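The following pair of complexes shares a single chain, chain A, combined with chain B in the former and chain C in the latter.
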Partner chain A sequence: MAAIRLSHLTKKFGAFTAVDALDLLIPDKEFVALLGPSGCGKTTTMNMIAGIEQATEGQILFDDRDVRRLPPNQRDVGFVFQNYAIFTHMTVYDNLAFGLSVRKLARAEIDRRVREMAALMRLEDRLEWPSSKLSVNELQKVAIGRSAITEPAIFLLDEPLSNLDAAFRAFMRTELKHLQHQFQQTMVYVTHDQIEAMSLADRIAVMNLGELQQYGTPAEVYNRPRNTFVANFMGSPSMNLLPCRLIAEAGALCFGFGEAGRLDAGGDGAMQHRARAAAGAEVIFGVRPEDLEIAPPDGPGGLKGVVSFVEPVGPRTIVHLKLAEQTVKVAKEKRYKVSIGAAVRVTAPMAKCHLFDAASGEAIGLG
Partner chain B sequence: MTSRPVFFFVRYGLILLALVIVLIPTVWMGTMAFKPFPEWTTATGDLTWLPKEATWGNFEYIFTGQTEDLLVTLDRTAERPILASLLTAVLGTAIAVIAGTLGAYSVSRFKIGNNLPLSVLQLRLFPPLAVMIPVMIMWASLGMVDTWWGLSLIYGIVTLPFAFWLMKTFFDDVPIEIEEAALVEGCSRFRVFWKVTLPMVKAALASTCLFVFILNWSDYLIALLLTRKDWVTIPVYMNSLASAMGGQMYGCKAALGLIAAIPPVVLGIAIQKYLVRGLTFGALKQ
Partner chain C sequence: MTAGLAHAGGGWLPRPLRVLFADEVKRLGFLMSLPAQLLLLFIVVFPLLMQIYVSLTYWGPLDGESWIYAYKSLNPFENYGELFADGRFWASIARTMLIVVVSVPIEFLLGLGLATLFVDRFPGRRIFYSILLTPMMIVPAVAGYMFFMLFQSNGPINDLLGRLTGLQVDFVWLSDPDLAIVAVMIADIWQWTPLMFLILLAGMMGVPEDQLKAATLLGANSWQRFWRIVLPKMKMVMIIAAVIRVVECFKIFDLLAVMTKGGPGVETETLSYYIYKLTFADLEWAYVAALGLFVLIALSLLAWAALLRLQIAQRRAETQPGA
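After this line comes the complex of A and B, so read on.
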């Protein structure tokens, strides 16, 4: 059981910086997801924690132990690889027993723990199988079992669910959560799937281009994105990010969207405050599709638009609207009916809207 | 794949032709080994496919030095060359495969010695004769001519590039994650190699052994230049099976050839399981 502290962790491959001065504290027994698009440095970070990759600069502490110079076999971590890395020349039993036999445990003890793990992973009837004959789902279970069996203090998972079929993925998601609860390990989980990260993790570290974008609980990251990258990456469909102009008229503030109209910053104190902080700058107005409302075209306020496309996605219907210069997505309930080409008006409750600096992409007025 | 009959006949016709070309000399050697002296050539009659009077005489002659058909007595019998061939080919193979495997693994896994693979290959680019004369001089000054270790060593060196390159391609195919997984599970570097990587390439290792062994086993030039008497190998000895009176002793050569074919065939059958199964690095989902 250990907390992981990364400070100023940097990895360079020649001139390319894969991870740039990463500072991250992963508390003991927490489930942390490293989330980001491919190439963002999340797997490299993971490899450095495991010791597979040597850090170029910075520190890696497990509790107070500096492990940066330790080889992977002395770090007491478990690692589940994206492609599972099962030893195909061995049986399932030998794969599960591998870590224990390397640690030279007594044969009876190994046998007991292998059977226990097999039962947990529902692999009892596969134990004597050559692992080359397993299905993808079973390979995944062997991979997790093999890493979990030595009860490492830190458990690292690199996109473990990305190759599984949808039904089994949902099952494994639950199973992983149970497993973490049972073993009380610190878990680091690399994924590019924000839904996976949201549903599994205690905390999410959103990364992009080797840099940490935001680190917080799923709710924080979702509700208070620090910048447009996080805002755009979290949530499906992603947040509407609309460049607009701040207009101050007769003491009231509003957001101008050209021909489409204006949104009044209105009585919402927080938004007023944030908009003042922006003080005349070009801003990006962010609002999640599920927070937008569609109203008849002839009411007051809101932005004028035309329905350009309707996308039914199971539980919801995504309505694409064409404004004068921009397009927005609005998420409605699945029974929602609207015809393409219909003129509508879209309104946004200010309390649920976000404001970003157009130049830097940073959130404005977030403490 | 097309299944038109004309392709069927062309394809199998070509395969048959290839088989005939390969097998007829082999069959000829097989029957020749059992032919008595008069049937070896057309000198005393017709040539037949099968021996008219099958005999073990040729085998008897090369092992005992005499037989009733032939007046000439052999001064050297075949046991010693067979032993020499076995010893030097096996040792040479061991040297090449062990050194080649370790070298190939290092080059494949650690990003060092980028020029090494090509320089190893360069060893094979020289015409053998151009290399063999200096080697002869070196071996002579080191006192290694006509010794089993001298011949084994040069066999190991000459076939090393093959072992190295074959094993390197196989190691390159073993996914790095497999080794990383073993490392994280607590293995030392060497243990990863010994317990995980090597078992995964054992099929490749078997094929490499067979290939290198056959190269060493069938060498003529090196043994001709580096042996005199004590450690003459089968191919060199075979060449000496001729006499002023009897000319080329075809039957005896065929008998020796038949014996010489045994080790590669036995080895091939022994490791057939690995050769056929081929390389399966399956459990990776890419």
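After this line comes the complex of A and C, so read on.
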């Protein structure tokens, strides 16, 4: 059992900085997702935790033990590779037994634990198979079982689900959550899929270009994004980020969207305070597609727009609207009907909207 | 369509060939490969038949008659009988085997060791790599000459041994009945370890790095990684490397021809060298023909047995569950 503390962790490849002064505390027994687009440094971070990459600077502590000088085979971490790295010249049994047999455990003990793990992973009838004959889904199970069998205090998973077919991926997602509960390990999970991160993790560390953007629970990261990168990255379809002007009107501020109209920041709400805090700066108004409302064109307030196209995506219908200068997406329920070219009015409840500084991209007034 | 054509075109052929010709594509293929088949007939089948024929006679170049008239001294299988009683022949085979079983394993282990060193990057790797491969590039006869010089009793090797031990060293390497074969083996090892190294290094580079990483993270130290991942994955390459060297070493000739000429006496006479002497010194051509055939058949049987074992092992692997 171990908490992981990364402090000022930096990795440079020549002139390129892959991970830049990363500070992160991963509490014991928590499931933390490192989330970000490819090239954001998440896998490098994980490799440094595992010891496959040497950190250029900074510290890695497991509990209070500095492991930077510890070779990877002594760090007691389980690691599941993106391509599984199954030993193709061995049977499933030997793959599962590998970690135990290099520790020179008694044969009977190894056999008992391999069979236990096979039962857990539902691989009992595959034990004698050469691993080169397994399906991708089975390879995945062997990869996880092989690492879990040594009961490492820390379990690292590098995009373990990205090669699976959709149905098995959903199944494996729940399975992983169960396993983590069962093994009581600290799990670090690298992914670029925000839905995976949201559904699995206790905390999400969003990274971009080697820097930590935000670290918090899925709800925090989703509901209170620290900057436009996080706002844009979390959620599908992504948040509408609309540059706008702050306009003072009868002592209160509102957001101006050119010809499309204005949105009232609310007389005394939180948004009014944020708008005041931002006064004078260029701002970006953020609102998630599912928080927007479509209303008939002839009511008061809201922004005028025209339906430019309608995208049914299974459980929802995404309506794309053309405002005067911008486009917005609105997520509606599956059965929602609207014809292309229809004039509509779109309104946003201020309590669910976000405000960012246009220059820095930082959220404004986020406590 | 094809059936009709085949009937019209191949009706005059004997039945087995008619089956072959039933397919137009097959017929075209046969016709196009016919020149090559004929060529093969002349360069393989004809000499073989000639060799069998001559091996059953006492014909030699001093008879003054063409080999066609060899039947005049026809003696069914006497050459073959003689062969079994020929001590020098069996001794030469034993000596060849000795060189193979000593040199090839040493070359293999040295090559494997070097490959292990070179699989990781280190400064100067490319230069050392080129230097290491040089012996292989040298013409064997030249290599033989180099070692002929090195192993002279007043040559550099004795000199070096003398300086290292502080003793008077005057081995007469190439004329000593026991040392001569050692000198030949050393030369062979020097020249052919690089080939082993090259093949084994290529095999070692082919071991997937992520599996090695996975083994490390599962707690394996470098020794365990080598035995459990690297070696099993290199099995096929190791077999290939060993087979190539065994076959080559079995034919060892050039080094001997320059270094010892089979001597002293017959102490370094290998199979190839013995056959060479029989052919060009003793002019026993009919006997050489018999000897050559015997070795060919013996080696073919050995190869067949080895292949059979490999096939059985493979079939066993394939009938495992999951196949």
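The working rule: the second predicted complex is superposed on the first by the 366 of 367 C-alpha atoms of A that agree within 3 Å, B and C clash if a C-alpha of one lies under 4 Å from a C-alpha of the other, contacts with A are read in each partner's own complex, and residues count from 1 in each chain.
Following the convention adopted for this analysis, a residue touches a chain if its C-beta (ideal position, glycine included) is under 8 Å from a C-beta of that chain, and two chains touch if they have at least 3 such contacts.
Note that this is a predicted model, so its numbers are computed, not measured.
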Worksheet item: After the chain A overlay, clash or fit between chain B and chain C?
Response: clash
Practice prompt. Report for A:P72: first if it touches chain B alone, second if chain C alone, otherwise both or neither.
Written response: both
Worksheet item: Now for A:V102: first (chain B), second (chain C), both, or neither, which partner does it touch?
Response: both
Discussion item. On the A-aligned overlay, A:L139 touches which partner chain: chain B = first, chain C = second, or both, or neither?
Written reply: first
Practice prompt. For A:R335, select first, second, both or neither according to whether it touches chain B, chain C, the two together, or no partner.
Written response: neither
Worksheet entry | Which superposed partner A:N163 touches (first chain B, second chain C, both, neither) | first
Discussion item. According to the stated criteria, A:N83 is in contact with first (chain B), second (chain C), both, or neither; which is it?
Written reply: both
Practice prompt. Scan A:E128 for contacts with chain B and chain C and give back first, second, both or neither.
Written response: second
Fill in: Doubly contacted residues of chain A, that is, touched by chain B and again by chain C
50, 52, 71-73, 75, 77-79, 81, 83, 85-90, 98-99, 102-103, 146-147, 150
Worksheet item: Considering the complex alone, what residue numbers of chain B touch chain A?
Response: 175, 177-178, 180-189, 191, 196, 199-200, 202, 280-286
Fill in: Residues of chain A touching chain C in the complex
50, 52, 71-79, 81, 83, 85-90, 98-99, 102-103, 126, 128-130, 133, 146-147, 150
Practice prompt. Would you mind writing out the residues of chain A in touch with chain B in their complex?
Written response: 50-52, 71-73, 75, 77-79, 81-90, 98-99, 102-103, 131-132, 134, 136, 139, 146-147, 150, 163
Worksheet item: Touching chain A in the complex: which residues of chain C?
Response: 208, 210-211, 213-221, 224, 228-229, 232-233, 317, 320-323
